[in-house]
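Each of the next two complexes has chain A plus one other chain: chain B in the first, chain C in the second.
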Partner chain A sequence: MRKQNYWGYIFTLPFVINVVVFLIFPVVFSAYISFTQYDLFNAPKWTGLTNWINMFNKDEFWISMRNVFAFALIFVPLQTLFAFLIAFLLNQALRAKSLFRLMYFMPVVTPWLAGGVVWAWMFNHQYGVINWFLGLFNIDPVHWIDNKSWLVVMASIAIVNVWKGVGQSMIILLAGMQNVPKEVLEAGQIDGASGWKQLTHIVFPIVTPMVYMVVILSTISAFQAFDIFLGLFGGIQAGIPQQSVVPNLVVYRDSFVLFKMGPASAMAWILFFVILVVTLFQRYFEKRWVHYD
Partner chain B sequence: MTKSTPLPIKMIIYMFLIVGAFVMFFPFIWMVSTSLKTSGAVAAMPPQLIPNPIDFGNFVEVWNKVNFARYTFNSFLIVTLDMIGALLSCSVVAFGLAMFEFKGRATIFIIMLATLMIPGQVTMIPTYFIWKQFGMLNTYSPLIIPSFLAGAFGIFLMHQYIKSLPKELYESAVIDGCSPPGIFARIYLPLCKPALAALGVFTFMGAWNNTLGPLIYLQSKELYTLPLGILYLKSENVNQALLMAGAVITTMPVVAVYLIAQKQFVQGIASTGMKG
Partner chain C sequence: MKKRSGLWMMMLALVLVFTACSSGGGGSKNTPSTSPSSAPSSGTESAAPSEKPPKQLSLTIGLPGSYEVTKKEIIDKFIETHPHITVKIEDAPWGDFTSKIATQIAGNTMPDVWFQENAAILGYGKRGVAEDLKPYIERDLNASDYVDALFSAQTSDGKVWGIPHGVNSVALAYNKSVFEAANVDLPTDDWTYADLIEAAKKLTIKEGNNVKQFGFIGTASITTGWFPWIKQAGGMVLDDTKTKSMLNDPKTLEGLSQLRQGIQDGYFTNNDFLTANGGALEVFATGKSAMYMMQYSEQVSMNSKFPDADWDVVKAPKAVDGKRYVPFVTNSWLISSRASDDSKEAAWQFLKFYLGEEAQTILAESGSSLPVKQSAYTVFDNSTTKPLNKKGFTEGVAEGGVTLDENASWAEWRLLVQQEVNEAIVQGNKSVEDALAAAHKGVQQVLDENK
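This part shows the complex of A and B:
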């Protein structure tokens, strides 16, 4: 490290401006307007806890929370399991490894909106290719994202999300597995460890920090789901049925469709706290199963 | 389970991977296939995998009439400026953090972590308020200017790389009478090419796929980016073939970038655990 201190300030100035203008001010202002009535055009009017109390009294709030928790509970384990399995298989001595990796990763770079509209089309009750395929096995057409049951809707969306995200988790896990020393695996083989034993007793414990990271990242992304809902259902106005709504959609609608900035900010903060609590909860259990040596 | 894997198990592994890869790839096939169908063939039962007849009319219509030509240009414009901004600002800030000892340096690292944790929806409304005060709603400024102010993810990526370069580079340049900006521009920036490539690719992907930003800030249709174009088609309830043609146009460039820069994508994600 050098003496000319002031250069440090000059070089980091862009980020400092960024933080002041686009982080500190917005966080403070957002907390403030969650206690006001505000439409962006007239000055905010202080209303105390009204927005917060109204929020908890609305069915929509509880529906959106129920949905997003169900969505995360289906999506995160499913994605992690598949990502782990694919990464483990791709880590073997196989042909065409890079081709497989390429195909599994392609949805990650695909725009949400493009992926969303294709899946909505494939999910189509009458003309969708998925129901046609199931029909070959005499399975009745399923209502996927337009089901009466919210749980089926969330599960269907979770499937699309796994398609979109599994490649990313897989790459992270694969990087972890490539760090597993070959000698350790060979020693295991000499001791007669089967493939399954190797997986559960050698590979999994070594990559647990990666698994933990993948779980945290996908949990956060699940609670912030937004684009996929737009892609599957179209715009907010086009009508996402209330039973299928998630918190970020409510935030967007309240703020930029209805211009009710107060309730929207309160909802955004609640979502932040929920994500924080869930992340801390996962951290609390981390030491039970994650090994750092 | 390296070389001695028995054949039947290997077959099962291949089967699993091939079925999986097919499921992953099928939506792309279906997207392209549907986009080449006439409106009559779209809802044909059983569905046609290879359209009969093959019809490029949807692309012509989406490109000219729905103006995806313009949306494509807009997307490329924003993405290019975002990339210039991110590469420049992130490497400058990362250089400052890696090379100089100053008061508040540790705080900057903590704030970097915090910016990654505060979700966009919390800061979204006040940020909109700021751009409204500047009179910049319905312009590209809200989508471009922030990228010139260095995001935490990019700084982190560049910082890790700069730190791995030998310290003697800096010392000897100082002895040769080079100023810090000169050392940055002439010595470090050229050496950072691999990290810059990774950051460039992530910035491209993030900006190209961004939906919420353009959705909030752009009202005039001629300013739309490709994802907004898709949303527009969807809200107009157009024919699926037309919608898929739009999706193909939106997907192709970013997939092309991925195919060209696969290595940067994969290494970038593996080393930082995130995407841009």
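This part shows the complex of A and C:
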């Protein structure tokens, strides 16, 4: 038995090394360098809480937090709602069901760069197809991602993020809906439940664990938003307006453009804590609306 | 006991992994030199050739964008004429090179010599990554053989962190057909920016709310946009010591406001128009705009993509004070301060070759950069490619060449200004006053942090 234990350690060693070197070590090291001045080229110099204090003193930090919360608050409900409705429709006896599923899933596999460029064009104030379409109804052109109001900018970007992510959430919810027992739905029909009542009183309660998972995953992805901003604004070097920055843009800029690994790590850790708190908050309310039985 | 020995084995394996990760070994670092050598020893080439065969050296050259900017012909000739130096090329696409080189420096596996934007080189110098080339230049070069831009990477304390691969300056390009059709006098070297604005108004053709033809290409980029417009009004971005922001100077405000005014009034192109019409070069070449502040390297694309366009250049217009300020950018070569002494010497031999007559002539003929060596400018005397008046570039930069106020924190403060300029000039979401006030505050903070 003891000999078996010994071989167990040997066989798991490669995976343990992998986790320690590529997961635990970077996490611990990033926590350490958040208290240092480190430019990648010279040894880190201990600076205590300087990076953290400087971060809280900068407008940019608070603006990025305001933006990412607004972005998440718009994006998560929109994405969950659309994913739920699309999944419900695709779960019906439709012709060309597979084609529709493919269509809704295609944006998920579209590279962000390509998607970002196309959407930047569609959002263009003067030449964009969206404003052209609004013009057909005599609606004045809208500044979408270059609006004076940061909230309009965040809402516009959230719409693009829904386009990109709705397919993935839809697949999760569709899988849940396909597990709804037919007998239950039939029993509901016999008792006179309308389609709407079936959806709200039978389907939704049964798939709430999936909905909860979609909400959690969407929230985390919203707080980690990065490529969508980079794609729409044309890159860090193009000078993304301060009113439109989100935390991951700041992390990327500080670390890989300015080589200020200390402030970048501090920001990354703050983002981690924010996501942790938001997820725990969601978990606190889980039992009130998620049904596992 | 067995459990404990298993744990010890795991720890031993981890130590081995970390040891393997931390070993150097990139480039040619036989005996890494930790401190920059202040007085380089006499080079292998400078020894009398008949005394003994030159020492065998190795050299790793880092090339961003492969040979897109540097010419393969130059490096091939260097390899051919320096058989005692074993050359290894490490290249990466432009976009990836910065992160690749940063990772290599962190792992001590960087090349012995590489080139990047001059501002990046200054940053490397401040962080101790670049070798001070001043002693090498004093030993082997005659500074008077070169244009002033040779010292683009010189700091206020006299250190030279890099030498330019070439010079990329701006001049005022004009579409002759558009001028002739509008019966407007062609630009001259004596033009001021006020003349440019007046001509742009005359050359603009509006049809209702749409502009059919613009007078001038207004861009929000630093080199051809906000920097020259600030300088022409007598404003400044940083002071001469490059430690103080001058973005709160009223003349700076005036210059930037003129650029915004031109765009708002529709006689300068706006960003959307440029993007929708294929970019600045296409807009200029197809006559949708009459004038363009063109960078020298763009002539290569102009000639290959739009060979029939009828255009030429004059020097960049004069500023309100009668002086000329011609922004130029350079990509500079640096030698790694952590390379072995032998590799540093090999790298310097490469740079000397790059600054030599033969290599600089190849560079001049390519049209991608103006050469650094003055004698190579004779290439332009018999040039028949457009622009015919290459003196617009060469004499312009000689008369009033200025860098983009590059210092070690340039990458950081340039981004801050660009953000604000975008909001004021491109999007029009802020007044120029507000944008400059915010930029001034941010830039000064960056400069103070990097003192």
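Note that the second predicted complex is superposed on the first by the 279 of 293 C-alpha atoms of A that agree within 3 Å, B and C clash if a C-alpha of one lies under 4 Å from a C-alpha of the other, contacts with A are read in each partner's own complex, and residues count from 1 in each chain.
One rule holds for everything that comes next: contacts are C-beta pairs under 8 Å (C-beta built on N, C-alpha and C of every residue); 3 or more make two chains touch, one makes a residue touch a chain.
Source: prediction; values computed, not measured.
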Please determine, from the superposition on chain A, whether chain B and chain C clash or fit.
clash
Does chain B (first) or chain C (second) touch A:111, or do both, or does neither?
first
In the superposed arrangement, which partner chain does A:148 touch: chain B (first), chain C (second), both, or neither?
second
First, second, both or neither for A:64, with chain B first and chain C second:
neither
Just checking: does A:241 make contact with chain B only, chain C only, both, or neither of them? Give me first, second, both or neither.
second
For A:21 in the superposed arrangement: first (chain B), second (chain C), both or neither?
both
Is A:42 in contact with chain B, with chain C, with both, or with neither (first, second, both, neither)?
second
Could you tell me if A:257 is touching chain B, chain C, both of them or neither one (first, second, both, neither)?
second
In the overlay, answer first, second, both or neither for which of chain B and chain C A:218 touches.
neither
I'd like to know which partner A:127 touches here: chain B for first, chain C for second, both or neither.
both
Residue contacts on chain A - larger count, chain B or chain C
B
Of the listed segments of chain C (41-49, 77-85, 95-103 or 329-337), which one clashes with chain B in the superposed model?
95-103
Footprint overlap on chain A, comparing chain B with chain C:
2, 5-6, 9-10, 16-17, 21, 40, 126-127, 237-238, 256
Taking the touch rule as given, give the residues of chain A at its contact with chain B in the complex, in rising order.
1-2, 4-12, 14-19, 21-23, 25-27, 29-30, 33, 40, 82, 85-86, 89-90, 92-94, 99-115, 117-119, 121-122, 126-127, 129, 132, 163, 166-168, 171-172, 174-175, 185-186, 189, 195, 198, 213, 217, 224, 226-227, 230-231, 234-235, 237-238, 248, 251-252, 255-256, 261, 264-265, 268-269, 271-272, 275-276
So in the complex, which bits of chain C are touching chain A?
2-3, 6-7, 9-10, 13-14, 17-18, 21, 98-99, 102-103, 105-106, 123-124, 127-129, 270, 272-273, 275-276, 411-412, 415, 418-419, 421-423, 426-427, 429, 438
Can you tell me which positions in chain A touch chain C when the two form their complex?
2, 5-6, 9-10, 13, 16-17, 20-21, 39-42, 124-127, 143, 146-148, 236-243, 253, 256-259
Looking at the complex, which residues from chain B come into contact with chain A?
1-5, 9-10, 13-14, 16-17, 20-21, 23-25, 27-28, 30-31, 34, 42-43, 45-47, 89, 92-93, 95-97, 99-105, 108, 111-112, 114-115, 117-130, 132, 146, 148-152, 155, 170, 174, 180, 184, 205, 208-209, 211-212, 215-216, 226-227, 230-231, 234-235, 240, 243-244, 246-248, 250-251, 254-255, 257-259, 262, 265-266, 269-271, 273-275
